[in-house]
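Following: one structure in C-alpha cells, then a few remarks.
Order as written gives the chain letters A, B, C and D; numbering starts at 1 within each chain.
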Amino acid sequence: MSTLVAASAGNVLVWIVWVVAVFSCLGSGIAVITFSNPFYSALALIGNLGSLAVMYLLLSAEFVAAAQVLVYAGAVVVMFLFVIAYVGPRRETPWSGGPSWQTVGAVGAAGALLVEIVVAVGMQANGSLHSDGRVGAAFGTPAWVGRVFLIDHLLAFEITSVVLLIAAVGGVILGSHTRRTA
Amino acid sequence: MSEPWWISIIKAVVIVNIVLGLFAYLTLIERKVMGRMQLRYGPNRAGPYGLLQPIADLVKLVRKEAFAPSSAIELPYILAPIVSAFTAIAAFAFIPWGPGWTVHGWRINGEVANVSIGLIAIFALGSIGIYGFIVGGWASESKYSILGSMRTCAQLVSYEVSLALSVLGVVILGRSLNLPEIVARQGSWLPYAAPEFIGLVVFFFGGIAETSRAPFDLPEAEQELVAGYHTEYSGMRWGLFQMAEYINLITLSGLMVTLFFSGWHGPWDIGPIWFVLKTMAVLFVFIWLRTTLPRLRYDQLMRFGWKILLPVATVNAVVTALLVVAF
Amino acid sequence: MLGPDVAWYVAVAAVLFGIGALGVLIRRNTLVVLLSLELMLNAGNLALIALSRHWHNGSGQIFALAVMAVAASEVCVGLGLVVALNRRRLSLDVDTLSELRG
Amino acid sequence: MTGGAWLCLLAPLGGTSLITLCGTRIPRVAAAWIATTSVFVAFGGAVWAFVSLRSQNGHRGEFTTAWTWLESGNFHAGLQLFVDPLSTVMMLIVSGVGGLIVLYSIGYMDGDDEERRYFAYISFFVFSMLLLVEGGNLLLLLAGWGLVGLSSYLLIGFWHERPSAVEAAKKAFVMNAFGDATMALAFFILIAHTHSLSFVSGFGVGLSPTAVNLVALGLLGGAAAKSAQIPLQTWLPDAMEGPTPVSALIHAATMVTAGVYLIARTHFIFEQARTVELIAAGTGALTLLVAGLIALVQVDIKRVIAYSTMSQIGYMFLGAGVGAYSSGMFHLMTHAFFKALLFMTAGLAIHALAGEQDIRNMRGLGRLMPFTKWCFLAGALALVGIPPFSGFFSKDSIVASTAALGTWYGWIFWVCGIAGAFLTGLYTFRLWFLVFPGEPSPFVREHHHKHHGREGAWTMLVPVGVLAVLATVGGWLQWSPQWHPFSDWLEPAARTLAVAAPTNTQEYYTSVATVLAGLAGIAVAWAIYSERKLAIPAAPFWRRTLEHKFWFDELYDAVFYKPTAAFAAALRREFEEPVVLQTGPDLGRTTLETGGFVRRIQTGLLRTYVLFLAAGAAGVVLAFLIAK
C-alpha cells in the first residue's frame, strides 16, 4: 500500500515536472522564432534545450541528456552567441509589411505538417504507444550507450566522426582570413 | 545504499555553506599569500591576522549601490551573475569528499549526488556557467564588456575540449564516469597522477584557462579591458561573478584531487580531511602561479590551446586506450 | 512508466517540429533560420528518444547522438558561412542572398 | 620440389615486371638479358622440381597452394600448383626450349626499336605458359590459357605498324577466344556437377554420359583452337607475321601444343567420352593430311613450317585421341626440339637475306651458310622421321598405336599417318631442295650479308646448335619396342590406354612403313625440285584449292563475316542514321527548352525552396495517412 502511495506520489511529481518542461520547451521554442533580436532567440534556445534535457531524463536517457547539455548548450549555442555578438546587432522586423503569400504558405505548410503528425500519433496512441513500466537499470547509462554505439552501431559512429571532421575542415576554410578571390 | 531524501537536503545545505565559506576565506588566503610572496603583509586590519576581512568585504559589497548602465538590457544583466554562481555551486554536488558513513542506521553518502554521469554533469554545468559570462558582458552594452565576454567565450570553448580530453585517460583507467567509483579504484590501486601524468598536466593547464586564472587571465586583463565582462557590474552582482570564479576554482581543484590524487584516500582514515588538505594544496599552486608568471598574449593563448594542448591530450587518450587494451 | 505515455512526448515533438519549421519558413535572418533548424532537429531527437524508451532499444539514443553531431557540424559550417558573409559586408537576409538563381 | 615449381613459375613474371618497371632507364641489351636470365632461372627451377620428383618413390604428384584464390559457395579454387610427371615434363620443355629461343631473340631482335617491349612480352609469355602447365586446377589452367592467348596476340602484332600483323593478331585472338568460350562452358558444366576443378586423381568421374560428352567436346574445342586443328586452324599461318623467334617458341614449340597437354591432363574425362576422344583423333588425322597438302604449295618459308607444325600437332592429337598419351607427349617434346630448330634456321636465313621469306628467291643459300644448312638438314630429317633422328621414335609409336586399335577406323588412322609421313617428306625436302643446295641464285648473291663475319650473332648460333643436337639425339630417350623410360615416367599422370598399346610386331612394320613413306617423299621431292626429272602434276583445280588452303578463309568469310557485316550495315542504314542520329539534336533541343522553363522556378530565394520542401513533406505524410 505504502509503495503504491509512493509510486503515485512519484507519478504526480513526474507529471508536474513534465508539464513544466513541456511548457518551457514549447514556450521557448515559440520565443526562438518570434524574438526580433537573434541574441534573444539564441538565449531562448538554451531554455528549450534545457527543458528537452529534462524530458530526456524523464525518459531515462541520462547520457543523452548530459550530452545534450554539454554539446548543444555548451558548444553549439555558445558558438551562436559568439557569432551573433561578432556580427553585431542587426535587428530585423520580421512581422512588418503584412502577410505575404510566403508567410501564408509557410504557416499553412507548417500547420499542415503539425496537424498530420498529431493525427498520425493520435491514430497510434490508443494502444501501441502505451509503454510498460520498467526498463533495465543500465538503460541510458554511459556504459550501455557506449556498448550499443561502439558495437552495434560502429559504422554510424565512424561516419559521424568523418562528418564532424569534414565540417571542422569546412569551418576552418570558411573562416580563414586568406582571401584568394576577392 | 540509498539515503533518505531529507539527509540529502541537509547535506546539500551544509556543503553549500562550507563551499561558500571556503570561497570567502580563499580570497583572504590568496591576498595573504600573494602579499607574502611580494614581501607585503596583505590584509591585516580586520580581526586578528585579518581573519575578519572576508566579512568586511561582504558587508561592503552588500551595502554598495548596485547601479547598472542605462543602456543595459535588464533581465539578462541581472540573471547572468546568478546563473554563473548557481552553476558553480551546483557542480560541487557531484564531487565525493568521503567514504560515506552509517549513523544510527541512516546511510550518509560521501557526496551530495551519486549519478552515473557525474563527470559529464560537472562539465555540462561548467559549460552552462559560461553563459553567465557571455550574457553578462553582452547585456552590459559596453565595448569592454563585449570584448571581454567574447574573449571568455573563445577561450573557454577552446580549452574545454582539451580539458575534457585530458580526463579521458582517467575515465578509461577508472572504467566509469561516476566519480565515487573512480576514487574507489584509485584507493585500491594508486593515484592516477602517476599513470596519467600527462593527462594531469593537460588538465592543470586547461583548468587554469577554464577558471581564467593567471597566466591565462586574458578575459579580465585589466590593462586591456578594464575588467572584462564584469566591467559594468558593481556591488553584490559583481560579487556573485567573483564568487562564481572562485567556486569554479575550488570545484576544479576538488575535481583534480578526485580524478588524479585519489580523492579522500590517504594513509590515515580521515576521509574528508584528506580531501580538504589536498584541495587546499592544489589551490595554493594556483595562487602561486598567479604571483609568478606573466600573462600570455591572446594569439599565444589560442595557439597553445589548439596546437599543443589539444594534440597532447588526444595522443594521451589514445595511448592510454591502447595500453589498457594491450594489458 | 511514470508520467505521461510516450505518445505525449511524440506529440510535443510534433509541435516543436512545427514551430521550428515555421521559423525556418518565415524568418529571414540567417542566424534565426539556423536556430529554428536546431529546434527541428531537437524535435526529431525528442521523438527518437521517446520511441527508444518505448521499444527499450538503444538505437534511438544512438541516432539522437548522431543527430547532435550532425547538428554541431551544420552549425560549424553555417556559422562559418555567416562569418564569411559578414566579412564581405553582405546582408544576412536570406531573401537578398539569391545569387544562385537560375 | 614445390619450391622449384614456384621458382619456375615466378622467375619469368619477375623478369617481365623488372623490364616493365625499369622502362627506358635500362639499355636494351639489359632488358634482353633480364628476360633470358629469368627464363633460364625458370629452367633451373624446373630441373629442381624434376630431380626432386624423380627421387620420390611411390605416389608422384603434389599440390601446393599459396592461398584460396576464388571462393563461392562450396566451390573453392586455390592459387595452386600441381607438380607431377606430366607438368614437370612440360615445365622442362617450356622453360628449356623457351630459354634457348629467348637467347636466340637477343641476336634476332638486335636493333629493333622496341626490343624492351618484345622481351617483356616474351618472358610474360613464358610465365603464362608455365602457369598453364603448372596450374593445379582447371581454373588456373584457363587463366594461363587466356594469358598465353593474350601474349600470343601481343607478339603476333608486335610489329604493330604493319597492318597485316595487326590483322593476324586479331584473327588469332578471335579464333582462340572461340576455343576459350567452349572451354569455359565445359568448366561451368563441371562445376555444376562436381563443384570442383581441381586435378585430384580421377576428377570428373561420375558425370552423366551427356554431361561428360559435353565437357569433353568443350575441352576439345579449346584444344583445337589453341593447337590450330581443323576447323579452327586458319589463324596459325597468319600468325607468322610475328618475329621468327615468336613463331619458333609460341607457334611451334610450346603454346600450340597446349591442346595436347590439355587432353593428356584431362584424360579422365576423355576416356569416359570415347566418342569425343575419337573425334579428336579424327580431327588430328584430317588436320595432318590437310596441312601437309597445303604445305606443298606454300612459297613463304615460315608458312611452310607453320603448316608442318599443324600437321605434326595433328599427329599428337591422333596419338592422344587414340589413348597413347605418352606417345603424344613424347612427340610434343621432340617436335619442340626440331620445329624450333627449323624455325630458327629459317630465321637465320631470313636474317641473312634482309627479311626475304619467299623460297623461290633463295636457291643455293647452303653454300653461303653451311652451319645453317646442316642444322636445317638435321631438323628436316627429324621432322620426316628418318632414323636415328628424333622424329622417327616419337612419330612411329603414334602411328603404331593406331594400328593397335585394330578397328576399321584404326586402320584409316594408320593409313592417314603413313600418308602424312609421305607428305612430310615431300614438303620438307621441297623446302630443302629449293633453298639450300646448288649454286646461289642472283637474288641471294645480291642480298646476302654476314653478321659479324659469321652466319649470325653467337646468341643465335648457340641455341641453333644446341637444338640441332637435341633434334638428333632427343628421340633416343625412348624406342617403344625396346625401352620406354619416358612412358614409364608419365605412367602415373597419363597411362596409355590398353587398346592403344601396340605389340612389337605392329611397331616394327609401322616403322618400316613410315620410314619408307618418308623416304619416298624425299625421293619425289628430289626428283621434282632438284633434278627436274618429274614435272609438277598439272591439276589447276587442286593447285588452286591448295593455294587457297581449301578455302577455309573464304568459307568463314562467307558464313560468318559477310552476313554479320551486312546486318551491321543494315542496322546503321535503317536504324542508326535515321533514328539515333536524328534523336540526339532533338533531345538536346528539348532539354534546353525544358531547362529554360524550369530555370524560372529557381528563384534563389531560400525560403521559397524550403516552403516547397515543407509542402512536399506535408503531401507525402498526407498520402501515407490516407493509405493507412
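Rule of thumb we're sticking to: a residue touches a chain if its C-beta (ideal position, glycine included) is under 8 Å from a C-beta of that chain, and two chains touch if they have at least 3 such contacts.
Treat the numbers as computed from the prediction; the structure is a model and nothing was measured.
In terms of C-beta pairs in contact, the better-connected of the chain pairs C-D and A-C is A-C. As a whole-number value, the distance joining the C-alpha centres of chain C and chain D reads 70 Å. Annotation: 85 Å between the Cα-based centres of chain B and chain D. A straight line joining the Cα centres of chain B and chain C is 33 Å long. Mean C-alpha position of chain A lies 7 Å from that of chain C.
Along chain C, residues 21, 25-26, 28 each make contact with two or more other chains.
Within chain A, the positions touching two or more other chains are listed as 63, 67, 75, 79, 86, 102, 105-106, 109-110, 113, 117.
You'll find the chains touch as A-B, A-C, A-D, C-D.
By the touch rule above, chain C contacts chain A in their complex via residues 1-12, 14-23, 25-29, 31-32, 34-36, 38-39, 42, 45-46, 49-50, 52-54, 56, 58-59, 61-66, 68-77, 79-84, 86, 92-93.
The residues of chain A lying in touch with chain D in their complex are 102, 105-106, 109-110, 112-113, 116-117, 119-120, 123. Chain contact summary for the complex, chain D toward chain A: residues 607-608, 611, 614-615, 617-618, 621-622, 624-625, 628. Within the complex formed with chain C, the residues of chain D that make contact are 598-607, 610-611, 614.
Chain A contributes residues 39, 43, 46, 62-63, 66-67, 69-70, 73-75, 78-79, 81-82, 85-86, 141-143 to its touches with chain B in the complex.
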